[in-house]
Structures are given as structure tokens and as C-alpha cells.
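Each in C-alpha cells, the structures are laid out below.
Okay, so subunit A shows up in both of these, paired with subunit B first and subunit C after.
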Partner chain A sequence: MWITSKFKQIVLALKPGRVTLGYPLTPRTAPENFRGRPAWDHTKCLGCGGCADHCPARTILLRDVCPEIRVLLYDGSRCTYCGRCAEICPEKAIVMTPDFELATGSRTDLAQSLELFMLTCSRCGRCYDMENRNAVDRLGLRGYRYDNLEARTVLRRTTERFEPDVLAATETFERPTRMEE
Partner chain B sequence: MTQETLLQTLRAEFGAAVTGPDPAAPRRLLLDVERARLPEIARRLIALGARYQVGVGSDDRARGLGFGLIHLFAFDKSGFTTAIRTSAPAETPEFPSITPDIPVAGWTEREYRDLLGFRFPGHPKPKKLILADDWPDGIYPLRKEVPYNLVPPAAEDVAYQLDEAPPGTTMVPVGPFHSSLHEPAHFAVYVDGETIKGCDYRGFMTHRGIEKLCQTQVSYNEIPFVAERICGICGSVHATAYAQSVEEAAGLAVPRRAEFIRVLMLELERIHSHLLWLGVAGHLIGFDTVFMHAWRVREPVMWLSERITGNRKTYGMVVLGGVRRDISPETAEDIRSVLKKVEAEVLGLKAAILKDSLIHKRTKGVGHMPKAEAERWSLVGPVARARSIDIDARRDHPYAAYNELSFDVPTADSCDVWGTVLVRLLEVFESVKIMRQVLDKMPAGPILAAPQEALPAFRHGLSMVEAPRGESVHYVITGEENRPERWRVRAPTYTNLQGVPRMLLDNQFADFPIIVGSIDPCYSCTDRAVVVERGTGRERVWDRAELTTLSRAGGK
Partner chain C sequence: MLAKLAKKAFPKSLWVYHCNSGACNGCDIEILNVLTPYYDVERFGIKLVGSPRHADAMLLSGAVTRPTLPLVKRAFEAMPAPKLVFGIGSCAVGGGCWFDTYNVSGGGATALPMDYYIPGCPPRPEAILFGVALALGLVDQKAAPVELKQVEFPLDASLRTQAWQDRNAIYKWLKD
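Take a look at the complex of A and B:
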């Protein structure tokens, strides 16, 4: 039994021949529908924040620097390529590209940021009222999510290590609760 | 037995100590039991033929209910489950321990001792299980007032006290990092010569706090994606189990086509996982031909997953109320052709290795654990089926579309690693069979029925999904802020690993890797290290190049 098994194993090994791929010397493309790096189309985005609200990794940050300018920052280093943002976006401003060769020494290589000009309300001067859910707000609710105003503006962000200068650079950055004596 | 007869039996025997069932858990028997009589009732359930699954501890103080503890029991032959709930006042979270009767409840109780500050008088081994050795006393991370991102200061010179070596034995440490365990875990193996006489385990070194994170930070429909990342091998299992438990709790209906697609993904995952495990098992006994070829056969399965879902492993298919991507007729054809190829290849693999005396010598009689012991330790999955315990959640507690599909549940009676190899190999063919049926029977229709309004709060849902390595249990209590109030995950390794010391008993030390490997423990690994300087607490991350130079220089 032992020796016949060994023969069968030789056949098992010889039959398929060489299966090792030539990658990376021979390039390999991802299949259609692959979920690679998400890419934003600046011209389509209306700044509703739906993607930021639904990102399971919380890696899309929104910040209103002034009433007219909203900044959307995508930190690709924590992205899980789930494609939820692209699915949620009402304007189809996000596409999941087939890019998968994303290894890099610097996380900023993976970041994308959008500066969005928002229309202000002629009466109150704000982009739009966030407490009374209006049409734009409702778009952000696709996929089922309701959050309070606070949770919306302060989108949490976690870094690997605590860096005071990062904290200083952004007001909406929440620092981890440290228990000093 | 049915749920009704069980309820009558318990009422007759324990009278007012058993109340309920609580309508908060539709389709399940959720009973409230008197705290003092908990061990008695649990014992009785086991005597009636129940299998202990896991406990769910919760902090209900905000609702004035103190602390809650739910023990879950499954009646596999009768196809239903029972949950018994007790509560304790906020000031004295004390529950009588059921571990002396049900050893596999040991970890559950130790877990809530760590995470919720419960006390279990009568527990035979009230030691730390989950929290780090230097985690300060008196901070219980799963309590509501503790922030999810709390980082207490690190302490030095604290170490876990391993069990004393039994007289006449010597301790051999395996881990925390060991080449045969692809995950940090520390076994202290007590040997007499080459024979293993006992073992203590210290694990949970990669505890990520996913339950706490999901109960406080993300929302219902983001959790499937987090759940999927609980395990790098059976991710779809966790996503499906989570979704199903919320759907059960909230009474959401899922389109039939979506249920078939979920089954399709679960079975595809099983094929990849079984082949992966077969390869690893071969590698652990030094039979690398098996490793190479099992993984070669597996690769087309990964590529197929990539074509169907957009990713080779994290499928991302499941959301509440259905799935995200449909199976087109072309994809169905693609699946059929890959299945045909894989089936033929696995047949060839089976023929080439099953009769090899090398495998027999390394696996037969190794990790022997008689059926009665395996039942006592509530083993699940192929490890249980290799010990002639005929359980399979797909057949016993059908979910998704399994009630319409026919398949066999292979078992073996050798009670050892050999049986596990056999069971897992045969299950590959069953999975192929199931997937073909799914493609034939799948009805047309929508694939998603997204929830339209807020989900009701404080409802209970339970879901059991047969993962490749055993039954995964998810328990959800719905909450008010668009996220679960409590979400409890029990992966199959949680129970199987508790049985490992018993499996190791009287085996040869050289068989340690394959015995531990036979339960297919969940791996998680990282190839970077953080070095913290003593005194200053400054951190520095060593990259791979530095580590390589360091190791080549002999660590000098």
C-alpha cells in the first residue's frame, strides 16, 4: 500500500506540471468586479457624508473647515476594500478600481482628499441644517444609519501610536483615554 | 423532546424557579431561572441531552436590571435551543459556577470574570483568561462606563502564573511564539519523559475587543464587515451568523435567493478551509507533498471567490436582509466548471494520500479522546464528528436554505486525528454536492430586503452556523442606537481548544503540533514587532529588514 501511494503521489506532483506564476515579473490583472482601491470623482461628489458614515473601518473623515468648505479625507492605510462607500454613494462618485499593488512605505501615498464647496443656506448661513433631516441628509441615510449630530461631525480616527503633533493639527481628533495617575 | 415538553419538565421539577419564556426571543426558549438554582437546572438540562454552547454576560445596569448572564444549550437531536437567563444585582455580580458540572463553561465564566467583573464561587480555576497580565484590577472593559479605547498604563514584572507541574513531570513551554502554532499562544506542557501528562494554556494574546467596538462604535450594517474579519479563514461564517441573529431578533425577512447565495458562499468557504487545513496538517506531520498539493488544488477556489465577490477571502457579501451581489448565469457556469475540476483533483489527492502508511502512523491513535469525553467537553465540528458525535448545525438547526438541500454528514469512530482528516476530506465532496444543488434550485427574485425602519430594541436573536471547523454561535441583543446592545461571538475554537489538554493526555510530545493543529485553531499573525524601551516607555517599530539583520546577526 505504501509503495502504490508513493507512485500516486508522483503522478499527483507531475501531472499539473509547473503552476508557479511569473508574478510580479509577468503582470497579473485583477478580475472584473474586483474590489481594489476606491477612487473618488471630485466632480460628482456632493459632500453628503454617506460614505464616511458607512465606512466600517471609519477611514473616511469629514470636516467642515468653514461653512462653505467641507474636506473629505480618505486614509487608505486602514481601508479594508469592502466597497461599502461605493455602494452607498448616491452620486456614484466612488468606484472600486482594480488597483491592488498598494504596498508603500508612507501612508500618505494612499490618502485622497477632496475639498468640496458647499452651498450655504441664505437664511442661516450654514451648509445645510444637520439636525432636521433634509433631502441631502436623507441620502446619507441610505443603507440604514441614524446618528446624532455629534457623532457625525466628530468622526473618530485611530492612529497606531499617540502622536501629539497629529493631535495638534486636527481639532476633531479624539485622543485615546489615557489613565494617568 | 420539543420545546413545550422541555418547558413542562422544567416547570414540574423546578416550579417557580423557572419563569418565562420571554417573548423578547422569538423562535427560541428564553427562560429566567433563579440564580441560586442555576447549577442544578444546568445539570438537569445536560442530563436531558443538551449540549452546552456558551454563556452571554451583559451589563444591563442602565436599564436597572443589574448584570445578566445567559447560558445557551442546544438540543441537537430535537433541533431547538434553550437559553437560561439569570441576573445579579449591580453591587454583587455573583453567579454560582456551573463549571464543576460542565467543564466547558470554564472559559465563559473566566471571560466574564475578566470583562464584566463577575464572581463565580465554586469555579475550579478562577484565573485570568482574556485580559493582559498587566491590566489593572477593577477595570472591566465590557462594562458600559469603560470607554472602548481605554489604554491603561503598562506595568512591568507581572506574569501569568502557570499551573504547577504535577509531581514527577517537567514543564516544556510551547509558545508564546512557536513555529508550529501560527498564532501567539502559550502552552505549558507537562511531560514525563516524552509522554504528555498535562497542559496549561494561556492565550488571548491577540484579543481585539471586537464585541466592545461593535457595541459602542459602529452600526448594524457595518458589523457584518467587522465580523467577517474575526477570522481569516471562516469570515463569511461570522458575517452570516451575525446577520442571521439580528434578522431573527428583529424579525426581518430575507429573500429566498439571498439565502441560497449565502449557502453558496459558506460552502465555497468550507472547501477552501478544508483544503487549507489538510495542507497545514500534512505540513505539521512533515508531509509537505500534501501541503503543496492541497494548496495547489485550493487556489482555483480562491480565484473563483475573487471573481464572484471581488475579493479572494473577505467576500463582503452579507448585509442585513440579504446579500450584496447576485450570481449571474455566467458566474453559475464558472462555479460549475471550477467545482468539477476541484472535485476531480480532490479525488486524486484522496487516492494518493489516504492509503499512505506514513499518514496512518502519524495520525492513528494520536489525540485519542473517547466519545464520552468529547461529549463532556462539548467538542464541535469535524473534531467531534471524528469521535462519532453526529452533530452538524446545517442539518440539526437548519438556517438559510439548508432545509431544502440534501447532504450527508460524514462521521468517523476512530476518535483521533486520523478521523478528523477523513471527515474533513469527505466533507469537501458534500460541499460540492450542496453547491451544485444550490445552483440548480436557486429561485429567481430579489437578493436584498433592506430594513426600512428602526429595528426594535432589546430583542434576542441566536444563530448557529456550521463553520468548516465547527459550530459558530452568535447571540445578539438589539439596542437603541442603531447598534446591538450586546453581541456575543463564540467561534468553534473556543470550545475545541478547551478540550485540547484532554486530547494531549498520554500522547508523545512530538505529536503536540498535529494534535493542536487537528482542531484547526484560528490563526492571527503579524510580521512586525513593537519594541518598548523600559523606563522611558518609548516605542519603536522594527521593520522586516531590521529584524532580518538582527536575527542573522544572532540577536546581538
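Take a look at the complex of A and C:
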């Protein structure tokens, strides 16, 4: 009998009650170990660039604007929220927050930028020139220092040794000038 | 503004077409999850349709690969005129891990004019719901760019000190 089966259906439907969440109207939190948008603690960050080197999507771009200032740009548009940056950070300056409500109309809303002041030499008082390191260090470079922060792209023009004309061609690079000049 | 326009253009119900352009099926499963009674989107009049010709919005998942690029463009052209495109997942938003691979066009924005981005790998069903609710004007946008600075740039600081000294030179003269 189809009518009895309908009654059976009604009884079955009444048993669990209403399961639909009222989500966009009522708040809902992510589970405990959920990895959402990463958050940087700029007071802890050393500027080692480990996160930029290990990001699988290369979504963290790094550039030395001048010897004193290193800019770290997190372009969240292609972030896969793998949590590798938080794992690799030696100072635990990156935390994966449970934020997931990241829907936007423009991708620039997802970006985070850090301006880091780099360490100075105790003898001369200037910052270390990170471009001219020894040959072994240069082999380990993946070229993250030559990323284009304005276009939010990774430039693949890595050279074996530092060449100022390549650097000038790949980015809008401004060397700091002295006060007197 | 876009939300207001969307409210005006789609006053009653939004029929969505789900377009997979080479996704790993993670985002597709989350989209299907949104359509289940648990996250019931039919409350907002959202319904999944099988053809782009019936659709108002396209849910694009996956970094648009080279073989699917012409098909995605044709599906977009087949949709009737007031149309929205949602990029779902980090692949559709910015290309994901494959943003500069030879056989991937690098995200949905390179193929189609995208209106809303829903990042996540995969995004939670709640995140997709949030994005659709944002398009319908039910919720406010929460994402905003963050800028952090460790210290002020020393050059700027010294210039500012100089300017401050110049500006307050009168106190020096008063002392004399």
C-alpha cells in the first residue's frame, strides 16, 4: 500500500528532526585542528625566508627592497592552506588561524604584507648585504628574492650569481640613497 | 556594489551550473555537500542545473587546464546574459600549486571574468555558503588586506625628525 508507505516516510522523517544548519545567518566555528588563513606575528619574524622557500604554491614572495628592509608578501589567492609555513617557521611566527570566511570580490583582499627590519652589523652599523653571499649559499637560493611583488608573480630569471642588470630588468628596484645626495 | 547589482539582477532564485575545469574533485565534493539537506542552499533559492543555458551563476572549480580552456569558455558563453562566476578552491582562484605550469592556464581569472573568489583547499561547505551569501547580500565581507611593519623605515624616521625640528625651531629661538 502506497499510503502506508507515505505514513512510514513521515514517521522516519520526524524521527531525526530538523538537521539543516542556519549557517550564514547563525555563526559556526571550524573544528579545532582546521587550517585556515595563516597569520603572521611581525614581532617574532626574523625574515629568514624559510616560509617563502618551502611554500608549495609559491604564494609567499620575498624581496629585499634595500639592505635594511625586507618585504614579505603573502598573496593568499593560490594558498592551499597546507600549513607548511607554520611548520617550518623557526620562531613560530606563523599560526594557522581557523578563519575560513574568506570569500571576496577581489583577490587583493587576501594579501598580507610584512615589512621586516633586517639585522645590522655590530662593527659598521649597516645591514648585511644579502645579495653578495658566498658561492655555497648562492647555490641554495631558489630565486625567491627576485619575485615581482607588484605583479604578484614569481620571476624565473634566477642567475647563478648576482647580476645587478638582471635585477634591474626584473623589478622596479630602488636602492636607498644617502641623505646628502 | 556588485552585491547590490546581484540582488537586483537575480531577485528570486539563483540557478547554478557546476563546472569542473580539471579539479581534483575535492572542491566538487564540497559543492555537492552544500546542496545536501545539512547545508540546504535551496533556502536561498539556489538550485543546481545540468546545463549552462539554464544557469545564472557558474561554480568554477579547478585550475583551468589547457584542454578544458575552450570548453569552459564555451560553457560561459552559453549562459544567458546577467551571469556570475564563482571561483571555488585555490585552483580556480589563483591557480593553486599549478599557477605557472605549462599545461594549466593559471586559475579561472585567466579564462573567465570572475566575480567572486572562494579560497580554500578545498573550501569548507560553510565557506562556499558564505561566498554565495555574500553575492546575495546576506552577509558582510570579512576578508581584508593586512599590512604589518616591524619598525618604521629609519630613513623616513630621520626625515620626520628633521621636519619636526624645522617645524619647532621657534622653541630654540625662544630659549635664546
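Here is the rule we use: the second predicted complex is superposed on the first by the 105 of 181 C-alpha atoms of A that agree within 3 Å, B and C clash if a C-alpha of one lies under 4 Å from a C-alpha of the other, contacts with A are read in each partner's own complex, and residues count from 1 in each chain.
FYI, a residue touches a chain if its C-beta (ideal position, glycine included) is under 8 Å from a C-beta of that chain, and two chains touch if they have at least 3 such contacts.
Everything numeric here is computed off the predicted structure, so don't read it as measured data.
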item: Contacts of A:19 with subunit B and subunit C, given as first, second, both or neither; value: both
item: Which superposed partner A:117 touches (first subunit B, second subunit C, both, neither); value: second
item: Subunit B versus subunit C as contact partner of A:76, first or second or both or neither; value: second
item: Touching partner for A:46 - first (subunit B), second (subunit C), both, neither; value: neither
item: First (subunit B), second (subunit C), both or neither touched by A:58; value: both
item: Partner chain(s) touched by A:28 [first = subunit B, second = subunit C, both, neither]; value: second
item: Touched partner set for A:95, first subunit B, second subunit C, both or neither; value: neither
item: Subunit B versus subunit C as contact partner of A:104, first or second or both or neither; value: second
item: Subunit A positions touched by subunit B in one structure and by subunit C in the second; value: 19, 30, 34, 56-58, 80-82, 156, 176, 179
item: Parts of subunit B lying in touch with subunit A, wherever the complex brings them together; value: 136, 147, 149-153, 217-223, 225-226, 229, 289, 292-293, 296, 299, 303, 306-307, 309-311, 314, 316, 319-320, 324-325, 348-349, 351-353, 355-358, 450-451, 454, 482, 539, 541
item: Touch list for subunit A against partner subunit B, complex; value: 1-2, 4-6, 8-9, 11-13, 15-16, 19, 30-35, 54-58, 80-84, 87, 96, 143-147, 156, 158, 160-161, 176-180
item: Touching residues (chain side subunit C, partner subunit A) in the complex; value: 2, 37-40, 43, 90, 93-97, 99-100, 107, 109, 115-121, 123-124, 126-127, 129-131, 133-134, 138-139, 141-151, 153-155, 158
item: Residue ranges of subunit A in contact with subunit C within the complex; value: 19-21, 23-25, 28, 30, 34, 40, 42-43, 45, 56-59, 68-69, 75-82, 99-117, 153-154, 156, 176, 179
